[in-house]
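Quick heads-up: structures coming right below.
What follows is chain A paired twice: with chain B in the first complex and chain C in the second.
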Partner chain A sequence: MRLYCLLLALISANLVNEKVTRVFDATTQLLKTSASVQIRNDGKASVSVIQLSADAFNADKLIFLDAKVGNKKLKIDGNLKASLSSPLEPGQTVTLEIEEIYHGSVKPFPTEIKQADKQLVLVEVNLYYTSPYKTETSTAKINIGTKKTESLSKTGKLEGSAVKLEEKKDFEGGSSQKSRVHFENNSPFLVAERLEREVEVSHWGNVAVTDKVWVKHTGATLKGSFSRFDFQRQDIGPFITEWTMILPLVAKDVYYRDLIGNISTSALRQDYRADETVLELTPRFPMFGGWRNHYTIGYNVPSATYLSSDASKYQLKVPATPELYNEFIIENYFLKFVLPEGVTDVDFKTNFELERKPDESRYTFLDTTGRTVVVFEGKDVSFKHAAKIAVTYNWNSILIFKEPLLAISGWAVFFLVLLFFARMDYSISAPVSADKKKN
Partner chain B sequence: MALSPYNSPIDPSLYSTLAFFLMIAGLGSSAYFFVEQVTKSKNVRSLSKDFSLALVSAIFMGLGMMFTMLTVGIYV
Partner chain C sequence: MSNPATQIVDLKSQASVKAIKTLLTIIILTSICILGFSSRLFAVIRFESIIHEFDPWFNFRATKRLTEHGFYEFLNWFDERAWYPLGRIVGGTVYPGLMLTAGLMHSLSNFLGFSVLIKDVCVFTAPLFSGLTALSTYLLTKELWSEGAGLFSAAFISIAPGYISRSVAGSYDNEGIAIFALQFTYFLWIKAMKSGSIMWATFCALSYFYMVSAWGGYVYIINIIPLHIFVLILIGRFNLRHYTAYTTFYTIGQLCAMNIPFVGFQPIRTSEHMASFGVFGFVQVIAFFGYLKHNLGQQKMKRLFWIFSLLVFALGLAAIIFLTASGIVAPWSGRFYSLWDTGYARIHIPIISSVSEHQPTTWTSFFFDLHVLVAVFPAGLWLCVQQYDDARVFLIIYGVFSAYFAGVMVRLMLTLTPIVCILAAIVFSELFNRYVSSSPPPAESEEDESSPNPTEEELAVANQLRSIVCILLVMILFMFGTHCTWVTSNAYSSPSVVLSTQNRDGSRNILDDFREAYYWLRTNTPDDARVMSWWDYGYQIAGMADRSTLVDNNTWNNTHIAMVGKAMASNEDKAYEIMQELNVDYVLVIFGGVIGYSGDDINKFLWMVRIAEGEHPDEIKESNYFTPQGEYKVDSTAPKTFTESLMYKTSFYRFGEVDHGDINGPHGFDRTRNTEIGVKDIKVRGFYLLISHTISKLKHIEEAFTTENWLVRIYKVKPRKNSDGLIFQNIKSKKFKR
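Up next, the complex of A and B:
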């Protein structure tokens, strides 16, 4: 009955977008939008659920949507329905601050370029504000970070390094018209196609983090051959020569390697003011459009940073994604927790969409029954998600003596076997003791 | 549930020291054990002494090995 009422209220909702201001940011590979929407309730009943919509021409590329009223985050379900904390009474207005991220909306065009060419990209957005409700005024701006445009829709006008879209007044819900910008964008189109993060817990005071990263330059692909000589003379262009990864300040034993071995072109420094360790990575080769790279980053963190306990209850709270590079995007995401032997009641809590897979088992040093490996899988995780995860489990702390006992018993068996063989008789002759002869 | 940061029962900064002294003790006692086994005939050795020496060596070698692993970064 309550659900029915809610549904009825939603259908009969007579909401109006009074004033919409949208700002698109297309200066990087991700299309980021921030919209301020003032909504008025023109109906007779109060409304507590607002239907949001992704941009009509980029809806399938939406990877992140977040809505706020003031400083309060709204709860948003899978169908982009935002629930207000207090219902909107008839005649009242509320202002939503909506942030969205689209992955793949800044498309390189042409899709193939030569080494010396600049990269041009195409962005298409809805001129109208995409919403099921009527809109009274809507303005929009696309930041492109350059004056070098190839072409613009007639509905747009270049103002500085931004394109201002025509103001639209009084349009029905669901209105759409393509507005496009074709401009130069040489920013790194670096995408982590796959990331495997592994967090291994040791109750001897350490949490080891390993990130296996598969990256790709998803910009316009390189046409023709690559010339190292020409590259030496190039200073700007759509190639990627380095990026920066942020690690926790307490990270130690940091390594950066790939299948060949250690990659020495990196720099590590601690930034105490920002409470972080900065890892500047230079890959083995500059990355041009379509090129892939694969590397592994690992480090140790003292257990007190992430692990907390209360009697036999433990909680492991870690950032679910590494800060791979500035404004990173991870397409296929895997997270593994290697928990100590003998854990029970493993549970987790996250602030983003994550699927738990069946547990695995792994044997490492001084293991008998195998460590529990908890596996998670996700898709399209970006820097904006600020992804966190907390894994809780029960563990009897007496089990910490298991490893030393195992090591001791191993050595005990070794010495006892020696003792046994040292007491065997290996002589060929009859057992007449030499000691007895002397006496 | 009042959670507090979890620390190792032994301060990790002591691992290398512990590893060093436990290994010295372990190698010393096992060397003594070997010398006993090799130089003396089994008729003059006492079984209880051999056993206790084996046990002491095993304890020192086991702990020493574990702390060596912890020192070098194999967190068991």
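Up next, the complex of A and C:
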């Protein structure tokens, strides 16, 4: 990756980062970066593609990158090349607002702690701005949310609850130097290792959503014993006792259960102002470092919310991920759409990377041919993706009467059979005459 | 039909009366089924659709296995998660009827296009079968007495608490379907012995086969039916019809029963089945003599008959005793001995008497489970004796024996309930027959023919008396209904996996500690972790936590259970040795001291000691766990053997630091036993504030998890230290010597 960047630097060395301001946010489990980069074209030809790059020491942990000019989002391809909407003419400058999220860059250190210990984390970033281009000025700051650190690189200075990194001037593209900070961070390190979302559409007016969630506390693992006695006297610490999930306001019949039944500790309230239903989830047990949990959330939504139609063409537009908790991160994501029987021409459109897997088939209530299940798979989905997905399909609405007719004819056949057998005479001997029978 | 009003009307309207009667019967029976089903749903409505208690969790787990892996895989299932390290051959040690029934209902409904979860099928199996039980009880009573009594008995059985206790939604246990099979087999038996038809006898045998596949209580049928025949012989009412019915039933029924892997050759090898075998032989002899008598003439035969039959009977008995003594036929099992000698289990098999449902029944529980039925039941028995015939003899035997057995063991209340319902129904039906109709009953008028016809005035008084009696009867039935609902809702509708308490303002507080602990085990321990706990929780751990257990509710191996009991009763060092031998990773104990839950392990501890003592009398002595005064206490008078035992330590670990809202009040106050615990294991440093961070010591285990209300405590067994067991010989390093 780095070699690739250097190569690119040679080709397009005529771009210059005039002024770079970076702000790292390490107060939670995710390292969030927002950078403002002013780029000048010193070359002779106009440039329409700018090479962006992830932080040199965290490049493999990048899960989200977004760049804007003003309010306009840039298109970014898989190699982090941003295409400008209008080419940058020689001598002109443009300011890019770049947002990045790294998962796993806020590393618990030590990796094992006792129950009463605080959680310490280590963050390492590039002192220089990582870019294939030359940079003139670069400043950076890391928000750590606490006023003291365990240790700090010489290149950093603690200012309030942030670490200010040395200002660097006039450095070549590809420069790097580690700058690290070690501090206390007790925020919940909750990661959904796996999430299976299932959206089942019924044209009778209901969309049923089920989220199967496997979560893990990825902070420093608990060493030694867990004492309930101490825990009942512990106010803060690196443990997770609850989190909040956001559902649509119209969600009803919400359930929260796991493999062995209902979990009775949760609260549901509707927030009309924010147009959402807030589900406060308390897991069966408090989660300490390294502990896992698995649960299922399900609810129904009137289909009018998500489903629109144009003649026989239907569009199902849903949020592609649940808002699992504040600043959630999902490592392995599976999305399934259970469409009605008899759909054709299934297509989809989404604003983030999802891989479509081969369709499956499923039989539920009164199905004869099986419902089409469209399966998608994604990796490292975060709250920032604000992901939407639209699935379109063709469906003949007359098919809605298939199942009631099936049920009715089933009963009819049942009664006919009963009628038939009730009128049969099973006696082997000759029938007794009617007069004798009456006595 | 003898009512004068109906005699006038023509045949056509008589037919329509009959149709209305049929319609009414169908409507009444349907509503009885619905009533029976819905009165069993308290637990589902109050809590959730969940499997209850202990055994149902195993049945559920087995059913899941069946639906996921198929029938043959189920029969061959070797469960390596139970009885570690022995394992359990489930297919050969289980009555598969329940699982097959639920599995069949599940696949049938899925085949018809109704996707139902297997869990829900299991939860609702028992309530569904309660409807069928009501129907078969109706058929049986109708066959034995009258249609009216049949309807009454169906209504009674559908709500009688004695049966509801075993068949609420979620109580997914063998008894749930077995009572239906029992009643239906009896119905078919009565049909068969009345008609002497091979067809009915075959049906009866098939129904018996279903019963055998469902519940160990089938032994009850295979002893009661021969007894019926035997009594018929004794009172001289035995005839060829009975002969046909019994021989057909016996041969087909036993052949079928032997196809159940768990039963195997028991029908010919165990004492429980010998009575039926003996009667079978006896019946052949009688039939043979009947044949001889037919050919030789009565006088000659009479003496010969009695001599021979008694001889054969005696010889048969001697043969059975000989075979039993020589070990070819297995003697009566312990559970059956305890039916005759109630003190037997307490002395010889503590594990049987440690189960609360094997205790003798108290009078209150008779009333609690049957209410007015138990009071009128003897009257029903009397009516049967008074108007007896071949079939009703069966009712008498059934009633008398059930009453005896129910008195011996609380659990057998279940087999008493159906017959009590039938006999009580007969009484109520007779009473209403006598008092409801406005004209005097015909039987009475025939008897009183000599007396002059009653005057107008006398009739009026009689009518009023009649209505008073009716009102009283209806009132009693009302009270019965209310009582049943109350008992069902308060006593029998708790899943016991989830507890609930009532706050002072009446709101409900759910204590979900069991599932909290089990789910923690399931999600946060290695898949092959082995959990040691008392056997009561074995099925639940296997079902909910999905981890290996050492012992569980299928208490077939007393030695292994005693080993666990010994570990719990020994001090930590000795327990550690045992736990290392058994590869234990986690120890799970139930501790109710924080919330006052009385069914916890400290209260069960004496049984563990007793069972351990039975196998290891040299090492464990029950008397060592009592105070010098002979009391069982956890306070400061508790003896050292007790306070140093693994059970005491794991239950009360760090409990001594807990105060109950008052820092100056007693610390470590056990709410279940209402005492302050004796050994708090705290290094006291004077001030309470200072002691809050001292920790009592555990050597080989560490607390791994404790639930919110401390109800379940799980400890992790630490790996052996490298230096463990080394003795330092060097004098210089003497101070390191352990």
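Operating definition for what follows: the second predicted complex is superposed on the first by the 418 of 439 C-alpha atoms of A that agree within 3 Å, B and C clash if a C-alpha of one lies under 4 Å from a C-alpha of the other, contacts with A are read in each partner's own complex, and residues count from 1 in each chain.
Everything below uses one rule, namely that a residue touches a chain if its C-beta (ideal position, glycine included) is under 8 Å from a C-beta of that chain, and two chains touch if they have at least 3 such contacts.
The structure displayed is predicted, hence computed values, not measured ones.
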| task | Could you say whether A:423 touches chain B, chain C, both of them, or neither, answering first, second, both or neither? | result | first
| A:273 contacts which: chain B (first), chain C (second), both, neither? | neither
| task | Kindly classify A:366 by the partners it touches after superposition: chain B alone (first), chain C alone (second), both, or neither? | result | both
| query | After lining up the shared chain so the two structures overlap, which partner does A:154 touch, if you call chain B first and chain C second: first, second, both or neither? | reply | neither
| request: Quick one: classify A:44 as touching chain B (first), chain C (second), both or neither. | output: neither
| field | When both partners are placed on the shared chain, which of chain B and chain C touches more of chain A | value | B
| Where on chain A do the contacts from chain B and from chain C line up? | 364-366, 410
| message | Going by the contact rule set out above, which residues of chain C touch chain A in the complex? | response | 11, 47-48, 50, 110, 112-115, 498, 510, 512, 515-516, 518-520, 522-524, 544, 654-655, 657-658, 692, 702-708, 710, 716
| query | Which bits of chain A are touching chain B when the two form their complex? | reply | 200, 202-206, 208, 253, 300, 302-305, 307-310, 313-315, 364-366, 400, 403-405, 407-412, 414-416, 418-419, 422-423, 433-435
| task | Would you tell me which residues of chain A are touching chain C in their complex? | result | 224-229, 233, 258-265, 284-285, 291-294, 363-368, 406, 410, 438
| field | Residue ranges of chain B touching chain A (in the complex, touch as defined) | value | 1-12, 30, 33-34, 37-38, 41-44, 50-51, 54-55, 57-59, 61-63, 65-66, 69-70, 73-76
